[in-house]
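Next come two complexes built around subunit A: one with subunit B, the other with subunit C.
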Partner chain A sequence: MSLVSYEFLAFFAVAAVLYYIVPKRFQWILLLAVSFLFYAGGGVVYLLYPLITAVSTWFLALRIGKADSAAQAYIQEQKPDKEQKKAYQARIRKRKMRLMMAGILLNFGILAVLKYTNFLLGNLSVLFSPEDGAVRQISWVLPLGISYYTFQTMGYLIDVFRGRYKPERNLFRFMLFVTYFPQMISGPISCFDQLRKELFEEHSFDGTKITFGLWRILWGFFKKLVIADRLASAVAMITVSPDTYDGIYVLIGMLGYTLQLYADFSGCMDIVIGVSQCFGIRLPENFQRPFGAKNLSEFWRRWHMTLTGWFREYIFFPVSTSRFCKTVSRLAGKLGMKKGSKKLPVYIANLLVWLVTGIWHGASWNFILWGLANGIVMMVSQEFTGLYRSFHRRFPKTDGKAYGVFEKVRTGLLFAVLLMFQYYPFGTVFVMLGNLFMTGRPSQLFDGRLAGLGLTAADFIVLAVGLILVLLIGILQETGSVRLKLAEKPLVVRYTAIFLLFVMVLVAGCYGHGYDASQFIYNQF
Partner chain B sequence: MDELLEILNDINPDVDYETNEHLVDDEILTSFELVMLVTQIRDVFDVSVPSEAIVPENFNSAQAIMRLIGRLQEDE
Partner chain C sequence: MRWKKPVCVLLLTLAGVTALAGIQRLLMPKYMGLVVEGNFTSEYYEETTPHDVLFLGNCEVYENISPIVLWREFGITSYIRGNAQQLIAQSYYLLEDTLRYETPAAVVFNVSAMQQFDQDNESYNRMTLDGMRWSASKWNAIRSTMMEDEHMIEYIFPILRFHSRFAELEPDDLTYFMGSGKVAHNGYYLRADVRPAGDLPVERRRSDYSFDPRAWEYLEKIRVLCEENGITFVLMKAPSLYPAWYDQWEVQIEEYASEHNLLYVNCLEVSDEIGIDFTTDTYDAGLHMNVYGAEKMARYFGPVLLALPGVKDRRGSVSDGIDLDSVWQEKCDFYDQMKASQEEEFAELGYIKQFYIQ
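== the complex of A and B ==
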């Protein structure tokens, strides 16, 4: 069931009404039932995978918690000396590690088999029988949102292993954490510690929260239906036909895809967070005006924040402080690479994170190379940090507003250029970039190819208005919540603005006509 | 403390580490720089900072970092 469908709106409306009718202590049970229904909508078999993940993780986390409790009891009762305590704790840690690894291997194993077997088979087939050409594919039932709920659940298991919080004892409450329907398909990836307070608290009917939630849903519909889906077919035409759409169209494809991706994914998040807000549940934000970032690292701290946070917490820090990285760093130090020895752990962990980020986004070499390209750009940027800082010290005027705008535009363009690795084959990226610089001319906009993209003059006007509106809302957000500001306006102003937005979604939204409004780009991950 | 300040100044000399208490919250120290700091703490103070200890509370100020180093030295 797509988030931008009438079925979903009806489903959500019924769920919300029931949510505030049932006794408050049963609200979370209702959410669990509704989440199961939502997920099983595509076939009951789909529910099996998240349930396997939920039950196995719940059980293993409880065992880890038990080991912790036993260790505490032993230390309190037996009062061992420092050495004995250390040895005992090491033994317990080993046992906990085995339990955690069992959960990680099982659940990431399921994800890997379902999502990457065909990619692996394809590569093996090319490697061992290149003349054959035929690649045998296995048709798996790929559950929706498997990458999201697996990462969220494994974050919980690692947190329990680290002793960050105690494991959840109630299996059904834990199942709701894994399957909570608004966020299950596209995130945000939540931390158990924060989400449990929201999910299991009793929520009274709050008109303001519901109004704010509905406004946010409407804003999400606007981004998705008016901007992202309007751009979709034109962007697809440009990006799949580099031979036809070269020159200036390389730039248009690049910018179009970037804007489409942003409007699509951030719009999806607006709907998810807005729906949750109607239940009184606050989910973490996934976007914080990424196009206001001054460098690529900052961009990624503002784009898909819960995923990058997950990678930082559970891969980047553990790998960079691992025994392997320590050994490599020491070895580099002994070889006289003093500066390199400090940076090697960072760079090893960074490349691994971006390799995994690429793989997470899709089972193809395009995504892997896109991930690695991001990692390499960040490493190069880190190498130049000292130079940037001395440049700004020497020329303090470069810290002004104009330079700030330049930095933001440069970062946005860099992100867009790197996205080319997602839709062009590796070599084609460089060919098309060269082609853009060598042959790109504004006059090509009038050679007939633009008209062939299927966008009318009205479409361009709607897109321009829509993008300006997104930009203005982004600027307003810098000084606080736009909805709070709107709520402070007189009733007439407030509801005229909302009515106009609603009319724009109704009139200018793309419903069908060759567009696939049923699928968000990030759902496929 | 002087050794720590030397490490921090080596990583980013444009910060007043004696007064700043939001090094991580205000993104003055990036995750790259945090790891470089952890690597140098290991070399200079001979303590290993576990990944779960890399949280803002432990790295928001030079004083907080010194307290973390002290705790880790006691544990080891």
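== the complex of A and C ==
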């Protein structure tokens, strides 16, 4: 069930009404029931995978929790000496580690098998029988949102292992954490500690929250249906036909794909967060005006924030402080790389994070190379930090607003260029970039190819208006919540603004008959 | 001033709903150009007097018989509730809908709709169903004939279906914003251009000539509904040369008619008797009759209909205080005017501008 379908709207409306009718203590049970229904809508078999993940993680986390409690009880009751305590704790830690690893291997194993087997088979067949090439693909039933709920539950398991919080004892409550329907298929990836308060608290009917939630949903629909889906077919046409769409169209495809991706994913998040807000549940934000970032690192701190946060917490920090990295760093120091040896653990962890980010996004070399390219650009940028500083010292005017805008545009373009690795084969990226700079001319916009993209003049006008609106809202957001600002305006202004937005979605949205409503891009991950 | 906010909210809501209704009206197709068939269903509700005969079916009925000639020459009051590719299920629900307003003495159903039970083009569904007034019949008509990618909500709020027309609005959308003009003559689609029947596609042999059981089910439902309401049910096959009407189909319909003691007229078999000349009486090479063919059909059918119980010559009669002659005179004038204007255009240009595809 797509988040922008009539079915979903009806489903959500019924769920919301029931949510405020049932006694508050049953609200979370209702949410669990509708989440199961939502997920089983695509086929009961789809529910099997998240249930396996939920049950196994819940059980293993409980065992980890029990081991912790047993250790505490032992220390309190037996009062062992320092040596005994240390040995006992090491034994417990080992046991906990085994339990955690069992959970991680099982669940990441499921994810890897379902998502990456065909990729692996394809590569093996090319490696061992390059003349045949083709290999029989296995058609798995790939459950929606498997990457999201797997990462979310594994984050929980690691947190319990680390003793950040106690494990959830109630299996059904934990199941709701895993399967909560608005966020399950595309995030945001939440931390159990934060989400449990929101999910299991009793929520009274709050008109303001519901109104704000509905506004946010409407804004999400606007981004998805008016902008992203309008761009989708044209962008697809450009990106799959580099031979036809070269020159200036490389730039158009690059920008189009970037805007489509942003409107699609952030629109999806607006809907998810808005729907949750209607239930009184606050989910973490996934975007913070990424196109306002002045460099790529900052961009990634503002784009898909919960995923980058997950990687930082569960891969970057553990890897960069691992014994392996320390050893490598020490060895580098001994080899005379004094300056580099300190940075080495960070760079190793950084590259690993970006490799995994690439793999997470898709089972293809395109995504892996895209991930690594991001990592490399950030490392190079890190290396040039000193140079930037001296440049700014020498040209103090570069601290002005105009330069700030330049930096934002540069970062946006860099992100867009790197995205080319996602849709062009590796070599083609460089060919197309060269082609853009060597042969790209604005006059190519009038050579008939633009008309072949299937966008009418009306589409271009709608896109222009839509993107200006997104930009304006982004600028307004810099000084605080736009919805709060709107709520302070007189009733007529408020109603008119929302009504106009509603009409734009209703009239200019790409939906209904004749449109093959595109799936959210990030639902596929 | 406690009342100020609720009143303001109410007024804004009213303004919003009105604006949305206006936008919906603007975006709905007006069917006043090349395709006028989308207006047929709704025009029925403008009728002020009852009808003795109701014709039901697809294009083979709304293009092939002239109710105006039936009135003018036989005094028969009739109406055609037919649409492009109107499915038999839709005919049934249109009959049900008609019975909410009047009970005709006879219902004539064109059997060519038996060939196809499922819709294959959403536009045809919209043209047939959008014009229906809301009732259980409309709801059921939509539910039973909706295509897989159609949604009930798009019929309830047609703006959800036609929203994308914002990019292709035409002057007609403003001209007919308040309502489309009249396009049909008691459901009859008048064409005064001529295109002789030529070589028709060769009949394709089929592996199975039996009608869809669901089509039989609805035919039976129409028959039973007529029986329950004391209406004479008549079957007809219009004299269209294409699509082919197979002998195997003919046998099945004949058997059904004889089983239920129904009158069945296959106009293809009596086309000579009717006087149809396929070089002058068709506007699209034998698929449908033009006005000359439709008038001949009416002249042939008039006496047949008059022989049915309850069907009378109503000339000089008054219905609910309304003088039928004056009502029908208006219809005749409109018919004559359109016919003359099309004839003039066709004589001058060799085609009719409104229906000319460049």
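Please note the rule applied: the second predicted complex is superposed on the first by the 519 of 525 C-alpha atoms of A that agree within 3 Å, B and C clash if a C-alpha of one lies under 4 Å from a C-alpha of the other, contacts with A are read in each partner's own complex, and residues count from 1 in each chain.
Throughout what follows, a residue touches a chain if its C-beta (ideal position, glycine included) is under 8 Å from a C-beta of that chain, and two chains touch if they have at least 3 such contacts.
Not measured: the values here are computed from a predicted model.
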item: Subunit B versus subunit C as contact partner of A:Leu506, first or second or both or neither; value: second
item: Touching partner for A:Phe108 - first (subunit B), second (subunit C), both, neither; value: neither
item: Partner chain in contact with A:Phe172 - subunit B first, subunit C second, else both or neither; value: neither
item: Which of subunit B and subunit C A:Ser329 touches, first, second, both or neither; value: first
item: Touching partner for A:Val492 - first (subunit B), second (subunit C), both, neither; value: second
item: Touched subunit A residues, subunit B compared with subunit C; value: B
item: Shared subunit A contacts, counted only where both subunit B and subunit C touch the same residue; value: none
item: Partner subunit A, residues of subunit B touching it in the complex; value: 12-14, 27, 30-32, 34-36, 38-40, 42-43, 48-52, 54
item: Subunit B contact footprint on subunit A (complex, rising order); value: 162, 164, 297-298, 301, 312, 316-318, 320-321, 326, 329, 333, 341-343, 345-346, 349-350, 378, 382, 389, 393
item: Parts of subunit A lying in touch with subunit C, wherever the complex brings them together; value: 6, 456, 458-459, 491-492, 495, 499, 503, 506-515
item: Contacting residues of subunit C [partner subunit A, same complex]; value: 5, 8-9, 12, 16, 19-20, 23, 27, 122, 149-151, 153-154, 159-161, 163-164, 166-167
